[in-house]
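All chains are identified by letter, namely A, B, C, D and E, in their written order; residue positions are counted from 1 within each chain.
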Amino acid sequence: MTLWDTAPWLLWSIVLPLSAGILTFLFRRAAPWIGIATTLGSVVSVAGLAAQVVHSGPLRYSVGGWGVPLGIDLRADGLSVLMLVMSAVIGVAVSVYAARYFSDADATDERAVQAHQRAYFWPLWMFLLAGLNGLFLAADIFHLYVTLELLGFAAVSLAALAGKRAAVVAAMRYLLVSLSGSLFFLFGVAILYAAYATVDLTALAGKVQPGPLAWSALALMASGLLIKGAVFPLHFWLPPAHANAPTPVSALLSALVVKASFYILLRLWFELFGAVVTPATATFLGLLGAGAILWGSAQALHQPRLKLLVAYSTVAQLGYLMLVFPLAQNAGSALTAWSACVYFVLAHACAKTAMFLAAGNIAHAAGHDRIADLDGITQALPLSVAAFALAGISLIGLPPSGGFIAKWMLLQAAIGSGKWGWATLILVGSLLAAAYVMRVLWHAFTQVEVARPLHRVPRTMEWSALALSLLAVLLGLMAARPVELLRSGAPVSMHAPGQT
Amino acid sequence: MDTLQTVFDLVLVLALLWLAWRVLAAADLFKGIVLFIAFGLLMALAWMRLRAPDIALAEAAVGSGITGALLLSGLARLRRLERSAQPHIGSEP
Amino acid sequence: MNAPDDFTDDTRLTPLRLMIMLFVLTLAGALGWAVCSLPAYSSGLAVTALAELSNSGVLNPVTAAVLNYRGYDTLLEIAVLLLAVIGVWSLAQAEPPAAFEPASPVLLSFLRIVLPLMILIAGYLLWIGSFAPGGAFQGGAVLAGVLVLLRLSNQDRAIWSHEVWLRFCLVLGLSVFIAVAVGVMAGGGKLLEYPRAHAGMLILLIESAALISIALTLAALFVGGRALSDEDSSRASDNGVQPE
Amino acid sequence: MNLDHWLLVFILLSSFVTGLIIFFLKEEAHRLRTLLNLFGALLKVILVGVMIAGVQANHVYESRLELLPGLDLVLRADAMSALFATLSSVLWLVTTLYAVGYLEGEPHRSRFFGFFSICVSATTGVALAGNLITFLIFYELLTLSTYPLVVHRGTEKSLQAGRTYLIYTLSGGALLLLATVWLHTLAGPVEFSLGGALAQVATQHRSELIAIFALLITGLGVKAALFPLHGWLPQAMVAPAPVSALLHAVAVVKAGAFGIVRVVYDLYGVYTAEALGVLAPLAGVAAFTIIYGSVRALFQDDLKRRLAFSTVSQVSYIALGTALFGYLSTIGGLTHLVHQGIMKITLFFCAGIFAHTLGVHKVSEMAGLGLRMPWSMAAFTIAALGMIGVPPFAGFISKWYIGLGAVGSGSYWAVAILAASSALNAAYFLPILHAAWFKKRQDPWPADHAHGAGEGHWMLLAPPLVTAALVVAAGVLANAPFSPLEWVRYITEIEYGK
Amino acid sequence: MTLEPYLLYALAGVGLFAIGLYALIARTHLLRKILALNVMGTGVFLFLIAIAYRSEPVADPVPQAMVLTGIVVSVCATGLALALAHRVQTTTGRMVLAENDESGA
């Protein structure tokens, strides 16, 4: 046993960004470097943690040594490791991007604005990362509430960072949504504690019984998470908040923050309320997802602005995640559906980050993001357009991207359990996604004079977008190990015989 | 069951609910905030009643005191902005 | 006192409001029904918490829960406090003190008596928190009250004009908390697993640092914007970030 | 590291990596780009040659990558894939040369040749796919990499064509995906193998397999331009001539047809398919498409549109040969896969030369073309005669075998279809030949870029001459070893268990 | 049925939560929405303390610790929300969220 094997890696993914939050707040000049170093550090710690989980299965860690029920436990299983990998990898790319983004103004008036944004972006982002990682590792539902708040505060402040009217209004709405969602969640936590005298996920899992208490707790927590996760029809706040934020922030919000709520919902649904949920409720959530896919795509098809299009695409893509609930109803396809949606989260995170970064580059170079007038500028930025296209491939679900593998598994779960309606929906959603992605790419091929960029786009900004979009595509070719890892710590109900 | 206690509980609870409603229905924001501070102090009483003196202290100091101060200063800023902006902003849609 | 904007909220019962009300009433009814099915007696975790009290380093079970059993929650909560200040500072700049009228001599002499008393109370609450109701949050709030009063009487320029010092004090609570939490691991313990002999002392250390940060944080929230001498961003505020 | 495992990967990468590098070349780096293109193309031909030699010597080339537990990406070289890989790699080499000449001086060449190379990698992937999911992956990659080629000109018309193309192919791809997943859930991982792999499953899941077959053929039929899914093909004519040549002869349409062949022979197995009763409807659709395409071609004045409808018709020969249950018709269908490719690419090359050098786009403008450009027109003539089925050219061989097969299996109606179609082919090709060779030119050429100097650039002329020579060779030397016919015979023997 | 004190207060918590929720949705002025959130939060806290009261003879300290955390979080939320509301007012001139401003600048 070396130090590498025994080190408490899971702590570092929380302590590092927390400390970095302090340091970036104190030392502004060094903030970008601290930020990049921290995200790299969290990649290392996640790698260490992943090795431990692969080697010896899911981990538990009792903070303060108290253990359940008095203390708070952390836990790391396949799902949380994958989520941590996601936040770490996206984190590195966005940090590298942001390091250039916030120091690239040509005009002096913009320089002052950027200095302000730079000063606050880094500490807020570091706390966001701490909140995310803390959330992915928490095994305690009250602690989940605390991390949700940490995440929410950071996300809202980041969303308002652009300072413009639309951004501020969107951030205000986001804050109200986020706080009320958290309160719903907290009420659910309170009811569960009242009934079962523990807030530990695993301890609760053995105790929760169907009944008014469990139902109301589920209803409260689920609605809180659905509104925070912008699930149709509670998505109204998301597009303006995501589209009007500075580009790296849009990427973080769309790729990571909304996933946090979904992650908790996934945990609760399959681990905590496994005995409580009924097929009808599962179908209801699935129908919300269907609404999200159709409505979000339809909206994306009509948006005049690029970043709004990308944001509505997030609404639509989140709909797919909700399909896990009806698709996992059959014991035979539960594990496939579960793996599908987790892989979907990963693929979407990479693709959406890449897409927002690419869209940001285009908007930066053009000085606007009206889709109708992008012809010349897209042809001046082939790398960013390529990133957008590759990310689009993953969003559409074309092979060999990560999105394809996720949709493959979703379809497999749907067809395997004879649910043709959902299968059709998945395919229709793909075609709609193709339509709105092509709305943008179209402009890269028109016959126009190549425009001179209004602002030069630094190479790091183009490459970080491209790197992530490549990753989104390559995810399709390296799904086997993550999916294998997911079985470590997958809900017990899913280890039914006859699984492939 | 101590009847007096029950009466006290009922009165306290009803007062809390009524105050909460008044806080949010008050047409005058200032009145609403003042009522909210009163609501906080009444909550502190409820915390004491429920054997939670730590929370009572926190409520009095944080929930009612600091939050009240925050809200009042927020309102003051709102008023100042309105006063300074009224001539031009009034025309905005 | 009644500017027109207050009345944009009419409280008449439109069909939409009626629907919202019905929805909320249904929710409340369902929750109430569920609550009625709670067991009437449940010691929750009280028994365990009290049994472990002697190992926690403090005598007040709530403080034990806040800073020991569930100290990890509190660690992140202190981070939330800091984050709130950063968020507020990223949004707005503090209004110049000139906005406040100069304090009257009566008020000043009143403050001269009250403020030291409040500081004493804050310290007392911090100290007493270990064995009786009280603690860093309550004490911090009282101390924040001091700062608020200073602000209102326009006497706080000294506090908000030392940018570096201010930031240092704001992060103090979280820094000490993290340092202790990680530091105790040097002895082979887990995160936040205080050695039994030093638990009380370490908790007091954390609380003292937190007290200062909490007080400053709450006061900063009251001020509602970043400090005036904030160099990098005060320039920015002239250009679009704060179009006033 | 074993070369046997990596050869197929190298074959894919030879064009893929080339494509990636080309993207990053400066627009002006003309010489370097051409060198890279030709290098990649040559390397690919050589590697495919090595592979064929190996397959002949019973080497098993296989590369696997686990996509998901129980789902592998499989590249495998068997006789069938060798056939298609050879076709695509050889024709790519020729087309590359042609495209370099054709696009000289045009904008966005790095983009064009980058996608061009990736398109060929995708085609090779389709050829080498060892199971349905792998096939699907490369099939979709093909869609994506051809879209930029179709819209290359960037005009309103070509963008419209590109949109139509994507709507058709992505919808088809979605159906194909659905069928693939369905089959996977029914039968688990199924790999292509001559003789089919679903005989076992067919006994239990008869109706499901029929539905899956219908979905598969519909999905593939979009690219193979089976009626009524052919709508995109004539529109896609707005693309530059090398693209049309590639689309019709090597890549897209052929990938669809090859997919149908794979599904019938290597996935279901011809006996299973026959037992399920799915071949007859396919034959019916194919027969209708043959006649429909020919009739439509008859009324097109635009030369490329006429050729496009001709493709609609001719590719369905492959489907027809496949769908007629019989040893000889299988030989005919598979041979036509190759023969139609070399003939149609010749025709498109020539059409491109006419348009590029003289601005001739319409059949009605072709009077006297044979005198002005004897060599190009000769190549065109050979290919057109081959298409009609005149001996001794390549088309005759494949039509002959399909006809023999039809007689053998008692499907005399198919013989009638063949005859009718050949008559129609003659009706839309012979007037062209007549006008070109025997009519006197009255008007000046629409746009004479060569200024009266006869033939076009040598890079344009050489490719059709080579492919025309192949058309002759494939017909005359049909019984020589390694001729397409012999190779197909070898495949068919295994399939029918002879 | 006798109304246990804990139940009375727990129900009152539900009531506060509901009142706050109604106001949060129905009222448009941002300050009222912020007040509504505070009332909602207090409702949840009251519920928690009420159920902690069931423990005899000492109330359960764990929910009390949670409420302490919650109170501090909610005061932070109030501070942040007020600052944001102030910004909304400075940029839009009003302290309400308009219905349709998604497209923005």
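A few remarks follow.
Everything that follows uses one rule, which is that a contact is a pair of C-beta atoms (placed from the backbone, for glycine too) under 8 Å apart; a residue touches a chain by one contact, two chains touch by 3 or more.
Every value quoted in this text rests on a predicted model; they were computed, and no experiment measured them.
Judged by touch alone, the chains other than subunit C, held in their current positions, stay linked as one piece. Note on connectivity: the fewest steps through touching chains from subunit A to subunit C is 1. Think of each touching pair as a link: the shortest run of links from subunit B to subunit E has 1 of them. Summarising the inter-chain layout, the chain whose CA centre lies farthest from the centre of subunit A is D. Summarising the inter-chain layout, the chain whose CA centre lies farthest from the centre of subunit B is D. Core chain by CA centroid proximity to the global CA centroid: A. A count of contacting C-beta pairs for B-C and for C-E identifies C-E as the more extensively joined pair.
Computed centre separation for the pair subunit D/subunit E is 67 angstrom, with centres defined by C-alpha atoms.
If each chain is reduced to the centroid of its CA atoms, subunit C and subunit D end up 72 Å from each other. Averaging C-alpha coordinates per chain places the centre of subunit B 77 Å away from that of subunit D.
Centre to centre, using the average C-alpha position, subunit A and subunit D are separated by 43 Å. Among the residues of subunit E, those touching two or more other chains are numbered 6, 10-11, 15, 17, 21-22, 27, 29, 32, 47, 51-52, 58-59, 62-64, 66, 68-69, 71-73, 75-80, 82, 84-87, 90-91, 94-95.
The set of subunit C residues touching two or more other chains comprises 5-6, 9, 31, 35, 38-39, 42-45, 49, 62, 69-70, 73, 77, 80, 83-84, 87, 91, 135, 137, 218, 221-222, 224, 242. Pairs of chains that satisfy the touch definition comprise A-C, A-D, A-E, B-C, B-E, C-E. Remark: subunit B residues 25, 27-30, 53-54, 56-58, 61-62, 65-66, 69-70, 73-74, 77-80, 82 touch subunit C in the complex.
Of all the residues in subunit E, the ones that touch subunit B in their complex are 2-3, 5-6, 8-9, 11-12, 15-16, 19-20, 22-23, 27, 29, 31-32, 34-36, 38-39, 42, 45-46, 49-50, 52-53, 58-59, 64, 67-68, 71-72, 74-75, 78-79, 82, 85-86, 89-90, 93-95.
Residues 4, 6-7, 10-11, 14-15, 17-18, 21-22, 25-29, 32, 47, 51-52, 54-56, 58-66, 68-69, 71-73, 75-80, 82-84, 86-87, 90-91, 94-96 of subunit E touch subunit C in their complex. Residue ranges of subunit E in contact with subunit A, taken from their complex: 10, 17, 21, 24, 30, 33, 37, 40-41, 43-44, 47-48, 51, 62-63, 66, 69-70, 73, 76-77, 80-81, 84-85, 87-88, 91-92, 97-98, 101-105. Of all the residues in subunit C, the ones that touch subunit B in their complex are 1-3, 5-7, 9, 11, 60, 62-63, 95, 99, 125, 133-135, 137-138, 141-142, 144-145, 148, 218, 221-222, 224.
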